[in-house]
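Chain IDs A, B, C and D follow the sequence of writing; residue 1 opens each chain.
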Amino acid sequence: MADLSVDLGFLKLKNPVIAASGTFGYGLEFQPLYDLNLLGGFVVKGLYFGPREGNPPPRLAETPCGLINSIGLQGIGVEAFCREVLPPLASLKTALIANICGEDEDEYARVAEYLSQYKGLAALELNISCPNVREGGKCPAQGTEATYRTVKRVRQASSLPLITKLSPNVTDIISIALAAEEAGSQAISLVNTFLALAIDLETRKPKLGHVLGGLSGPAIKPLALRMVFEASRKIKIPVIGLGGIFSAQDALEFMVAGASAVEVGTANFVNPYACPEIIKGMENWADQNGIKRINEIVGTLRV
Amino acid sequence: MADLSVDLGFLKLKNPVIAASGTFGYGLEFQPLYDLNLLGGFVVKGLYFGPREGNPPPRLAETPCGLINSIGLQGIGVEAFCREVLPPLASLKTALIANICGEDEDEYARVAEYLSQYKGLAALELNISCPNVREGGKCPAQGTEATYRTVKRVRQASSLPLITKLSPNVTDIISIALAAEEAGSQAISLVNTFLALAIDLETRKPKLGHVLGGLSGPAIKPLALRMVFEASRKIKIPVIGLGGIFSAQDALEFMVAGASAVEVGTANFVNPYACPEIIKGMENWADQNGIKRINEIVGTLRV
Amino acid sequence: MLLDRKARITKTENWGSYFLISLATPDIARQSQPGQFLMIKVSSSLQPLLRRPLSIHNRSGQEIEIFFQVTGEGTRLLGQKSPGDLLDILGPCGHGFSLKPEFKGKEIFCIGGGRGLAPVYFLARELQTGGARPIIFYGGQTLSDLPLKSRLEEAGWTTNFSTDDGSFGFRGLVTQLVEKELKGRKPAFLFGCGPEAMMARLAEICQAARLPAEFSLESNMGCGLGVCWGCARKIRKDGKTGYLRICQDGPVFPAEEIIWDRD
Amino acid sequence: MLLDRKARITKTENWGSYFLISLATPDIARQSQPGQFLMIKVSSSLQPLLRRPLSIHNRSGQEIEIFFQVTGEGTRLLGQKSPGDLLDILGPCGHGFSLKPEFKGKEIFCIGGGRGLAPVYFLARELQTGGARPIIFYGGQTLSDLPLKSRLEEAGWTTNFSTDDGSFGFRGLVTQLVEKELKGRKPAFLFGCGPEAMMARLAEICQAARLPAEFSLESNMGCGLGVCWGCARKIRKDGKTGYLRICQDGPVFPAEEIIWDRD
């Protein structure tokens, strides 16, 4: 049986499949469905320092092979998270990753600092790429300087390994990835969602209460795959790839493009067993193709 | 019956539906199927000065609700175009638009200049946004300065009205649209295709001979719609919207978002009668909704 | 406990845009409560992407039924299924109507507007089983919007019909019919499901009549599992308002907690 | 003239992954030539997006037939259609095989590898109508890849079968079988359709034997109408090589014009 484990340097995963932030709740919700220890890891919903109300509904709109969301990071905040959610999760034998948010660099640092006092987190995923909180969908990950500054600041505030989650809404993903690397991020994850609009022709109103939202799902897969390919060839730190992964084949394509691990997002909604099924499918594929260790295929695209 | 005509200032269209460049050949191919005079207009395949071989196959890959192409602007060049194609088209009673390309600003200007000597063209569409010709998918429309310079240069080389076609592969579509406007473009069209990658897992090779290609079709509609919305609110010249328009409803959504006219691309492949059917559908919708003139709906999104 | 099952379609019925489908799925049937719903995969391809939420319309033995109206691509595809086909379903989801022991012997108003009748049938059956007396109200725009008319009549419950155009039953809105009936009867509770405007008006009527009520709300759903927070709506709970998940904290809420969407 | 039609399925047959479907479409049938193909919409939704190109397998009266193998989502969906369903088809597309008057009375080799048999059946019938004598070669990996075996036998043509594993007919590649037969026969022409490697090898064999030949090429297609240039392949024509459109300038090309894709 193929060895699915992957080593990100700062973190060993038993397999490359991580459930993506915002699509897996706080993890607890999936516990009745399957053993979370099957996962390479999972990222919890984005956390601000305090609780957050989120955006006005409607918050979801379906588009061809895609989903636009504008949840706006509704959440309980770090204190409640560490008090109520972390204890039951801390004993899991899978990589537990916190997705951290902030209104400004200060808040990012405070969230990182606060979480670092607790045991049980394998890494922080720095969410500088959510299109649903600032005016017009802007986010720090759209600029090299803001990326560099935020990463640097969080790097100094916490000793936990840092994965910086990048935005696809940029002209040049490579320069942003380099900025994150230079500022000390141990990995990058890409992509977050694409800024999008859906319109209800009958009412002539946006389908979402927040007007704009972020597009995820199979529709964006070819765009995400391209960015993972571009970034992974130019930076030395590992890339965690995501965007429209719905099957083992999708996940393997991201690894061939250059991802050392993958995250699965929207697929969890359509099939709550998506993650374990993808893991199983990768194992079968590796066995059928005589792949002994799955990390052999990372970045092997023949161009 | 509703009045579907729209006035772009420099050009009156009998209806807002234009067949998009690269998806309508030189127009002649559709003549056996329907009367081209039904169209608001059509844009012919991208033209370089000389003939061009295009990219190595495979040139197409399907993705969820999308199509990636890397044709690479195979074409006959302006001379052959003006000699062989233009004469039979020049007598049509619909707006004939040439899509112009160049390896550098000089070539763009030469193409524009050459075409301006001939009668029959209603406008030029300046294609500074093709992801399939330069290394890594780069194009002038990814920078404000290159956009400004190219538009300015072509503006000086030709007296034909100029529509600048923008790339969606940018961080800030507004600044690029403003640069095109400032440089004297009479309209912008957006979007061209999104830079994308598809992988054949079995061979671990890119599905396209050119490695990267441009994503079009319904998958990109919500992204294109967002960009049309953003740009049209910040510039004064009209916006021609496109990206995944497959139905009258799609076309109307673009107009509500802010497009004064629309282009229909990939849909022509799936349904060669897409354009006339969309026109008919818009007319029916307008009649059913008591819209007297279709241009009343432009930019009426209730935000 | 949420179950993930491939349920075989045993029967389909169809009236215009309305469909009634029976599914063999013993363990989901066993657990179902009125007001709970299923998340149903309507396509074997990636389009449409998401599952569709549909109420449990009835349970009979090993089977459950769904009743829906075609309103878009997802329900259109669902309507094309035939007996023998397998449906990918997840359920039962959410929290249903509160069936209280004190309803015993009492009249309970059960209002369904259009496709909103879906959960009302199961509700009425369970109320009856618990010894309560369901009084059904079934409203639609016109007679063809009341495809389950005879089904309700056969069940033997007191049923009041309304159509906007008067083609069957009371002429007018179902809310007007309820108001009228309330002059003569004093039910112990009111349950409602249907268009937002109908439910909002019913909530006003109940408040005026000091009649406790619960309504089943709708919202666009991503997961139905409580993980995406996409279905959230403003709810007033314990004096505080905030966004709660329709799929998990509902879909049924007490009238006084609901902040109606007047749009 | 390209026609856009909704054709009713009159019959379907199926062997494992292979399907044969009959379509009632009189005017497309009337115009069809062997080697031409249809662009078929396989889904009523947006996924899969593009039409699929399939050769015209046969014409009989008002009907045409298609023969295909399931190789992905599009052909899988197509295989699920039933008699009575309407298929959105566009055709006849492209330029077919060259049926020359001088073939009369001559032996013509017609080679189909796997699903590549599709156009060969129609071709052989038209050759026969024109007075030529088609000699068929039908190869596959194993017996189950030769579902049209009895159909060919019934047609009464000389037919040679091969399977890689020897489960039926000649054991080995169909190209080896053709080579072997060429020792005894001197056909006037060879037509081939099948996997690229098979056709490339046949082209070598033909060149060595100075046997003129045509092959039907495949390529991913966007439009099938000649407008997207997505199907282009390198073709050597009049001494120059350049990208030509398989859908419009082909799909059938003379052996000497084809630059094989050795991958």
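We take it that a residue touches a chain if its C-beta (ideal position, glycine included) is under 8 Å from a C-beta of that chain, and two chains touch if they have at least 3 such contacts.
The structure presented is a predicted model; accordingly, all values stated were derived computationally and were not measured.
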Applying the touch definition from the top, give me the chains sitting in contact with each of chain B and chain C. A, D
Name the chain whose C-alpha centroid is most distant from the C-alpha centroid of chain A. D
Chain A to chain B, mean C-alpha position gap in Å, rounds to 34
Between chain A and chain D, what is the separation of their C-alpha centroids in Å? 47
Whole-angstrom distance, CA centroid of chain C to CA centroid of chain D, is 54
I'd like to verify one number: the distance from the centre of chain A to the centre of chain C, where each centre is the average of its C-alpha atoms, in whole angstrom. 36
Junction residues of chain A - those touching two or more other chains: 64-66, 217-218
Check: chain D positions touching at least 2 other chains come out as 46-48
With chains as vertices and touches as edges, which is it: line, ring, star, complete or other? complete
Chain C residues within the chain A interface of the complex: 1-2, 4, 41, 46-51, 90, 219-234, 242-243
Listed in rising order, the residues of chain D that touch chain C in the complex are 43, 45-48, 73, 77
Within the complex, chain B is touched by chain A residues 63-66, 68, 136, 142-143, 169-172, 194-199, 201, 203-206, 211-212, 215, 217-223, 225-226, 229-230, 244, 249, 252-253, 256-257, 297, 300-303
Taking the complex as given, what residues does chain B use to touch chain C? 64-65
Interfacial residue positions of chain D with respect to chain A in the complex: 46-47
